[in-house]
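Order of writing sets the labels: A, B, C and D. Residues in every chain begin at 1.
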Amino acid sequence: MNGRIDRSIDLGPYVAAPDDGMIICRCEEVTKGEIRRAVHDGMFTITEIRRYLRTGMGLCQGQTCARLVKQIVAKELDVSPDVLEDAVARAPFRPVPMRVLANEAEGRTR
Amino acid sequence: MQQSEVLIIGGGVIGCATAYYLSKRGLSVTVIEKKQIGEGGSSRNGGGVRQSGRDPRELPIAMYAVEHLWPSLSDELEMDVEYYKKGNLRLAKTDAHLKILQGLTDRATALGLDVRMIGADEVKAINPYLSDEVIGASWCPTDGHANPMLTTLAYYRKARRQGVRFITGESAQRIVKQKGRAVAVVTDYDTYYAERILVAAGFESNDLLASVGLFVPMNRILLEALVTEAQPKMFEQMLGTAEADFYGHQSTHGSFVFGGSSGIDAYTSDFDRPVTQGMTAPSICRGIMGYFPVLADAKIVRTWAGWIDECADHVPVISNVDEVPGLTVACAFTGHGFGISPAVGQILTSLMTNETPMVNIDALRYDRFKAKI
Amino acid sequence: MRIKEHPILGATEKGATVTFEFDGKPIQGFEGEPIAVALRAAGVMVHRHTMKEDRPRGIFCAIGRCTDCVMIVDGKPNIRTCVTPLKAGMKVETQYGVTAKKEA
Amino acid sequence: MERYELIVVGAGPAGLSAAIEAAKAGMKTVVFDENAKPGGQLFKQIHKFFGSKEHKAKIRGYNIGETLLREAETCGVEVVLNATVAGVYEGRELTVMQGDSIKHFKGDSIVVATGASENMVTFPGWTLPGVIGAGAAQTMMNLHGIKPGSRVLMLGTGNVGLVVSYQLLQAGCEVVALVDASKKIGGYGVHAAKVARTGVPFYLSHTIVAVHGEDCVKGVTIGEVDAAWQVIPGSEKTFDVDTVCLAVGLSPMAQLVKSAGCEMNGIVPAVDAYGATSVPGIYAAGDVSGIEEASSAMIEGRIAGAAAAYQAGYLEKSDFESIVTAHEASLGSLREGMFGPKQRGRVQTVTEEGIVLSQSLLTKGYLDESDLAHFPSIQHGKTGVYPVIECTQNIPCNPCQDACVKGCILIGNDITSLPVINAEATCTGCGMCVASCSGQAIFLVEEKPLESTAYVSFPYEFLPLPEKGDRGIALDRSGAPICDAEITAVRTGKAMDQTHVVTMKVPLDYASTARFFRRR
């Protein structure tokens, strides 16, 4: 979320939902319930959720789940998904073997 | 106007840990963070919980943390912070490397740390995946690593549960002095009054300290780290090299987290964001493969950069400010603050409750910096 | 499963027929097509079982983004089979977590 | 470091177009694409495009892709495939993974044309093998010649869901249902109608309750949702399927622009009229800057390429302005109509002409007989052969007007207008309009009251192709069998581009309802 957030705002009690067991992050197998719980534990930003639960930190780097996670967090915080800032996009955009990354065919100078 | 007993500026691992220990004592605490929890070095470092290789001035803090705090931290915070006390290998490939390591080892043993030089066979026995080029290492069996993101968030979570008020996205702008005492901090939103004020805002601490005429000599330096996909469990030690080619460990998740540099990554034209550089990750990879050829096929899934607040003399400032009663400073951790953060949190708690810290920190005062001649 | 003749695209151009190994069994496919396509043609749906919950996964995005279809190929784990071209003699194995065999 | 004046990321419609425009002006241009084949989604799009001639209307996507590639080659654009852009760094530096190595490149300008990725929805069983993205189905069928499954349920009735359902049928799969939680079909009515008339049912206001199966998909249960999106108990229906396809929208693939530090406007980079982002020298074009059709992406690409060329001094201001003006006009006409960006999220009940929209088309995928009389181009009971144009929504498209050499079909300058039959002109029954209609919405009808029969010609893009003399059953717009039918002619020609015009003989009473044919 851009702007000021008081982390002590009352979100109400965490109420278990029937679909809490649904896998949201397919790579790291993080469930909807874990994400909802994390919000109640004070993780109010997409980045904090990532660091707390590893959503979007797996092999695909959040390409499938980013939008889904945002919707869940937004609903839990009772805000529009649009106000939640995405996690920072980081290279490499696809998994790259170390041996390939280490092997710069050219251009080692700036 | 807002009021609490303690006001902390900076929601990194130091701020969160201190908030936790203070609130555990029943003090009311407010934490103001400009961005989000653990946004700076707290979530970007390599996770080392080392004693070996440390400057003698801060080594006692690290030893205290490893002996008294890290082993029970997951239980205390009710969250697995993925702490491993499985040793640190600092690797050598040349005689020159061995000489560097010997120096570090001698200084640490003098202060009572269990660290020693070992030969190639023993290194291989500890970590069979290493290249045959490794001829020796320094070995500190009580060193280790933990997950810095989880540790920061665990302190935050528990502190929040204990009633600490955290506010993110709010920028502290100046310290208010009344009758010679620091009494409040003005932010872009409100004014926060407190009996004690802690500035633990990394490099940006100076922006705030300037309002009361203080300055900590530190630079902001960009470092990079990377992480691989999950791999089968291989080893649990923390690793480094004499030549600083790379450092890192395998996480609970199975991924390898490695830090390193290209040597010129500190020079960037983007001062707004800690951005990675095209040549750094390849350089780190070559460094790693020089020691772990077996990892050549491991895929890098993410790289990131972070600024460290590098102090002029490479150890932090952890100190009350005599001239401005009510003000305490903790910054300039120079890239190795994470491993000592639990102890620093307790030390700062002592400093702000007028107790004597359990470790002597006289060498880390704010007013220690002098001209060399 | 192969489309012999398509009303718009006609016959699909394919490489030579090659044999590769899937979990120890020989299977045929066309050289150069994605490994995942050759497996689908052979009726293989499950590419891997997940680390935490041991659940089956297969093709999901088919363009190398979701990484759900990863398998162990020639001993290397986490190979995106939907974008990795098939070669004769390849050794393709179901992935369990990040290894070839289910961990006890 | 290898340097180019322009580096384009993504060899899809937008990227290739940008590269062509820039190279044409004289820029040293390279295009990187991670795929083994260029063209982005174009080579998976086997349907005929909408729009007008300048938008390459009635040409199939993959043919447009081939044309673009040839044009790129002619202009001297270097297209590098299997080249994955791994990172973007300060100073417009890109690292590109090619084979076993990484290369560093710098561009004076960079056009990011990375396209879109599919959105997903969750339901119990959504991670099972056999649940796939609609894009995956397209890739498997149209690039690799393999059916994703035998029996498929499609979730989502936007254009992707509708088009891919049709492609699944063309590939020989059975599509058991099209399901959408929305109350109305999201995509073009004509796309829905060509699927519906083959007999595929639409379930609007329905969602997937669960996918069944242990190791892979064995079935799926759907249920009707109430106003609060909750499944109404007792409304569940279960289908025996091996594949569930998800077509629930696209999102821009914006990692590269974000990583480059471009200012974002929600999920898309903030761009000016030429596609320039907030980072000097970095442009965004196509789906990455907002999801639209490939036709629009190509124009956006042209504009961005021209802008880069102008920046680099390869185009005079006046030339640049005239290029942009022409393209903007062309883009403007594509963005008109009921499905244009201005109409997103708005409830529409009548056409631009003031005709009440068919609710049956919006909810079931086909026109109800009661709708027909409202549309001037759907009239029956005339003498001789005559066209019936079941085009009832304002879509930017006009190839039918050009197809008729006799001038029977009029659309006018506003290409979103509904076609009108010119009463003055005489239809020769050549069938060119039938084959040219990208929505497959034109039929030729000839009623012979004396014989008590009618001849209905309709577009056909399946195998096996019916043959003259084949006997079977005529299906109505919903795909329901209605009467016996006999094939009397099958017309095929180069100009028809694989849309065969099949004529069947049906009893006279079915002239206005028989729209498809099934062999007995």
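Worth pointing out:
Everything below uses one rule, namely that contacts are C-beta pairs under 8 Å (C-beta built on N, C-alpha and C of every residue); 3 or more make two chains touch, one makes a residue touch a chain.
What you see is a predicted model, and the numbers here were worked out from it, not measured in a lab.
Closest chain to the protein centre (all Cα atoms averaged), using per-chain Cα means: A. When the C-beta pairs in contact are tallied for A-B and for B-D, the bigger tally goes to A-B. Averaged C-alpha coordinates put the centre of chain A at 24 Å from the centre of chain B.
One inter-chain figure worth recording: chain B and chain D are separated by 53 Å, centre to centre, where each centre is the mean of the chain's CA atoms. Centroid to centroid, with C-alpha atoms defining each point, chain B and chain C lie 44 Å apart. One inter-chain figure worth recording: chain A and chain C are separated by 29 Å, centre to centre, where each centre is the mean of the chain's CA atoms. Shared interface positions of chain D, i.e. residues touching 2 or more other chains, are given as 34, 87, 89, 91, 95, 102, 104, 117, 127. Within chain C, residues 51, 55, 57, 60-61, 64-66, 68, 78 each touch two or more of the remaining chains.
Within chain A, residues 23, 26, 58-59, 63-64, 88, 90-92, 94-96, 99, 101, 103-104, 108, 110 each touch two or more of the remaining chains.
If you sketch which chains touch which, every chain touches every other chain without exception. Across the complex, chain A meets chain B through its residues 1-8, 41-45, 47-48, 51-52, 54, 57-59, 61, 88, 90-92, 95-99, 101-104, 108, 110.
In the complex of the two chains, the chain D residues touching chain A come out as 1-2, 34, 84-89, 91, 95, 97-98, 100-105, 117, 119-120, 122-124, 126-127, 251, 254-256, 258-259, 264, 266-267. By the touch criterion given at the top, residues 19, 22-24, 26, 32, 63-65, 67-68, 82, 86, 88-94, 96, 99-101, 103-110 of chain A touch chain D in their complex. Chain B contributes residues 36-39, 43, 149-150, 153, 156-157, 160, 165-170, 189, 228-230, 253, 264, 276, 279, 281-282, 285-286, 288-289, 295-304 to its touches with chain A in the complex. Residues 34-36, 46, 60, 62, 117-118, 127-133, 135-137, 139-142, 144-148, 150, 170-172, 214-216, 461-463, 465, 498 of chain D are the ones that touch chain C when the two sit in their complex.
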